[in-house]
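There are two complexes below, and they share chain A, which is joined by chain B in the first and by chain C in the second.
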Partner chain A sequence: MAVVLDGVAYGLQLALLAVGLTMIYGLGGVLNLAHGQFAVVTAIAAALLMDSGLPTLPAVIVGVLTGAVLALILDASIMRPVYRLQGENRVLLSLLITLGVAFVIDGLLIYNYPFTALNLNVAGPAINLLGVPMRRGSLAASLLALVALGVLIVFLRYTRRGKAVRSIIEDEEGAQLCGINPSRIRTAVFALSGGLAGVAAVAEGMTSSLSATDGLNLTILALIVTVVGGLGSVAGALLAGLLLGIVYSLATFYIGAYVTFIILLVTAMATILVRPSGLMGRGA
Partner chain B sequence: MLTVEDLNAGYDDSVVVHDVSLHVDDGEAVAVIGSNGAGKTTLLRTICGLLPARSGTVVYGDHALLGKPAHSVARLGVAFVPAERHLFPRMSVQENLELGAYPARPDQQQLERVFELFPRLKDRRRQQAGTMSGGEQQMLAVGRALMARPSLLVLDEPTTGLAPILAEEAYASLKVLRSEGTTVLVAEQQVPLALDLADRAYVIEDGRMQMDGQATDLVDHPDVRRAYLGIA
Partner chain C sequence: MASTEVPLGAQQDADSAVVATQAPRWRAYLPVVATAVALAAIPLIIGDSRYYTDLATLALVFAAYAVGFNIIFGNTNQLFLCLGAFAGVGAYGTGALGNELGVPMPLGVLISVCVVAGFGAAFSWVSVRRRLDVIFVGIVTLTFSLVFINLLLGQRDVTGGETGMVLLYDPGPVGERGLVSYYIFLTVLIVFLTVYRWVQRSHIGWAFRALRDDEVAAELSGIDVARYKMIAGAMGSAMVALVGALYGHYEGFFSPTTFELGQVDVPVLVMLAFGGIGSLLGPVVGATVFTIVDAVLRPLAQLRTAVYGVILLVLFLGFRHGVVPSINDLARWVARRRSPGS
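Showing the complex of A and B:
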């Protein structure tokens, strides 16, 4: 039971990390390989601000905004040529460009801040949840992830803007015919995804720590969750995040941490073999 | 209301529509008829901003439409119902209709009007659009287009994929809209239905306008009868 709860807690963080990635893919056919770097930029910015004496909350908020603004700047500049292409070419160019961006961000951060890490100690004794003692950091991270995901879902389901976002994912031409400007919404969602990656970084900082070298790892985790859930499906990302979180936790507990990453990849492969378009992907 | 002059349009390597001119007056129903591949779809998609034009002008009210993206054309009051419908399959009927009014708040009065025209949509308002039958999806596509109270309704082959009786139903509802004063431009290869609805019609073949005139005259025209009505 404790293992499963841990898995759920971790799964929520995975889902939070992946939703931004999957939304951008759904909206623009862009696979952003610098997604984990948005999280890292947030972490480093927040850590530096805290080192300079800013209290935790404002530091973290500014950090998340930094991630969002970085995403906004990328979308408005280096991603422009990508949007001029269609279909497969767009995906390919987006992979190359965002991979380049990831390298540049990694290089700059690792060179300049090799020892900076975001470490939000959520201190205090364990709290009982369903008879299972849970670490405070883990609970706080889960709560943060739940709130962020909840707000996102309410936004997508019930607001006019949110429905517009979904409509573009469903059928971009149909959305245009309704008077929706896809490129404007895409830019906003790119920023949102940067912010969500930032919130995921904060959650990660509550359970362990996040430093400049973690970007690629986070990107890969987000990709796995996205692919398992179905590219472009927010609900799929949630489901896949929880599933993989629990698998991760069970594997760590029963087998050992050194093979968990392999087991995650095998789970992803198995899912794709059974359902090529992911758990909630279309055409499955 | 809408004036198209000397329009040339097509895709990267081929011009499909050659020097086409047409006009639609306020309150009129105009049909563009022609066989499959005649250039009807290219013509409508260019007018509505989904395809760039090579040359020519498209003026709607006081606005030059060419060069405007599709969402701007839509916001000016030109609602396009494409042959493939482009609904949002995993969203409910109600949500599809609400999005038709974007960016405005969905207008309850207009929603009721759409439900009055297509009672089936009201029964199925909670259903996912993609799970409905072809005929119902066609109703939804027209309903969604009406939600923004467009001043010009442009339809590409509204009978696509519909059985004959459903095609007739689709045109019956267009006639209702027509009688309420909606201005309609429709491209159609089911010529009898289109000529029955329209005041005027243009005949397009190989991307060029062949003739035009009052729908009642065209029905009796020997060339039209031979080519499209199957009557010698």
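Showing the complex of A and C:
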């Protein structure tokens, strides 16, 4: 039971990490390989601010905003040529360009801040939940993830803008005919996804720590979750995040860490081969 | 979707005129011969400096990787992101067979290369059968390479984990490091280039060009897309595995970092993009330039990654057609200006 709860906690973080990636793909047909790097930028920015004496909360908020602004700048500059392409070419070019961006960010951060890490210690004794003692850090991280995901779902379901986002994911041309400007919404969602990656980084910082070298791993994790959930499906990312989180923590507990990662990878591969559209995807 | 767009991997072959017309056979192979002569002369220029010989050998290794990848990605638009893993299977396979079972090295290399060719063909088959987009082929092969690296790290008994695999047998002439290995890798590269040009001129090349430009149209005109993609997948993967095996033995021991995604796939992709995807000599030009740049930038340490990122961005935003095709275009433009009446 304790293992399962741990898994749920980790799964919420995974879902948070993947949601941004899947939304950009659904919306813009763009696979962002620099997604994990957005999280890392947030983490480093927050850690630096805290080092310079800022209290935790404002430091973290500024960090998340940094992630969002960075995403905004990228979307408004070098992603422009990508949007001029269509279909498969767009995905391919976006992949190569964001890979370049990931390298630039990685190189600069690892070079300048090799020892900086975001480490938000949530002190205090373990809290009993359903009779299971849970670490405060992982509870706080889960809570943060739940709130962020909840706000996101409310936004997508009930606000005009959120409905516009969903309509573009369904059918870009149709949405355009209804007077929605896909390009503006896309930019907004790109920034949103950068911010979500930042929140995921904060949650990660509460349970363990995050440093400049973690970008690629985070991107890969997000990619696995996204693929299993179905590229472009927000609900799929949530479900897949929870499932994989539970699988991860069960496998780590009973088998061992290195096999676990292989299990996750094989799950992703098998999902593509058996059902390319993922758990919740709409037809291939 | 607009069908007038030219797919990323499918630029006009800069030298398609030579390939397509029934030009005299020797003319089609002229660039290969010229490359062979030029590269064979390199050791005369750099003298017996150990550092530069090693560097030149490294360039050859990567050029050969890139030729293999060029067949897979440049000719049939399959984004295999497991070159490092394939090269690693070639090296570690040979090493494990030699260390554990005492299989002689040439036989070990042959077996490993065949296994990898099987993997390559299987990936191609699956991607055609399941109608996977380029992007999904990329993700599947990416997960394969991650699984491979994790297995290497996990199976310490056989692979030695992070510290690497030490060879318990004599790697032969490749392991001598120096002029001998330089010429061995040069031979491999020239053989690859010859095969590449031969394929381009055969019926296989025609099928490649057709399915690269428009898969559906190719299928409709009677080309067995699955079969030709599998040929490309198997051939390119086998090349990568052979180079990986030889390079591993050249280094004297195998370590997982040698075959990491960031150490093989990414540089090869950048080289090919720089030299020109789908061109004959693109891999050679790209690998040469990249190796020199890499050596020059070495003092920058981690900042190098950032520079590669910038190069990648500039390449794909600016020169999406690569350097060799651009030069060819320029040459043709000059020729047209000179010839009167046209």
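One rule holds for everything that comes next: the second predicted complex is superposed on the first by the 283 of 284 C-alpha atoms of A that agree within 3 Å, B and C clash if a C-alpha of one lies under 4 Å from a C-alpha of the other, contacts with A are read in each partner's own complex, and residues count from 1 in each chain.
Assume a contact is a pair of C-beta atoms (placed from the backbone, for glycine too) under 8 Å apart; a residue touches a chain by one contact, two chains touch by 3 or more.
Note that the structure is a prediction, hence the values are computed from the model and not measured.
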item	value
Touched chain A residues, chain B compared with chain C	C
Contacts of A:Gln176 with chain B and chain C, given as first, second, both or neither	first
Partner chain(s) touched by A:Pro55 [first = chain B, second = chain C, both, neither]	neither
Footprint of chain A on chain C - complex, ascending	1-2, 5, 7-9, 79, 126, 130-136, 138-140, 142-144, 146-147, 150-151, 153-154, 266, 269, 273, 301-313, 316-317
Chain B residues within the chain A interface of the complex	48, 50, 69-72, 74-75, 79-82, 85-91, 95, 98-100, 102-103, 105, 144-145, 148
Residues of chain A that touch chain C when the two form their complex	31, 78, 81, 85-89, 91-93, 95-97, 99-108, 110-111, 114, 220, 223-224, 227, 258-259, 261-262, 265-266, 268-269, 272-273, 276, 284
Interfacial residue positions of chain A with respect to chain B in the complex	160, 163-164, 166-167, 170-171, 173-182, 282
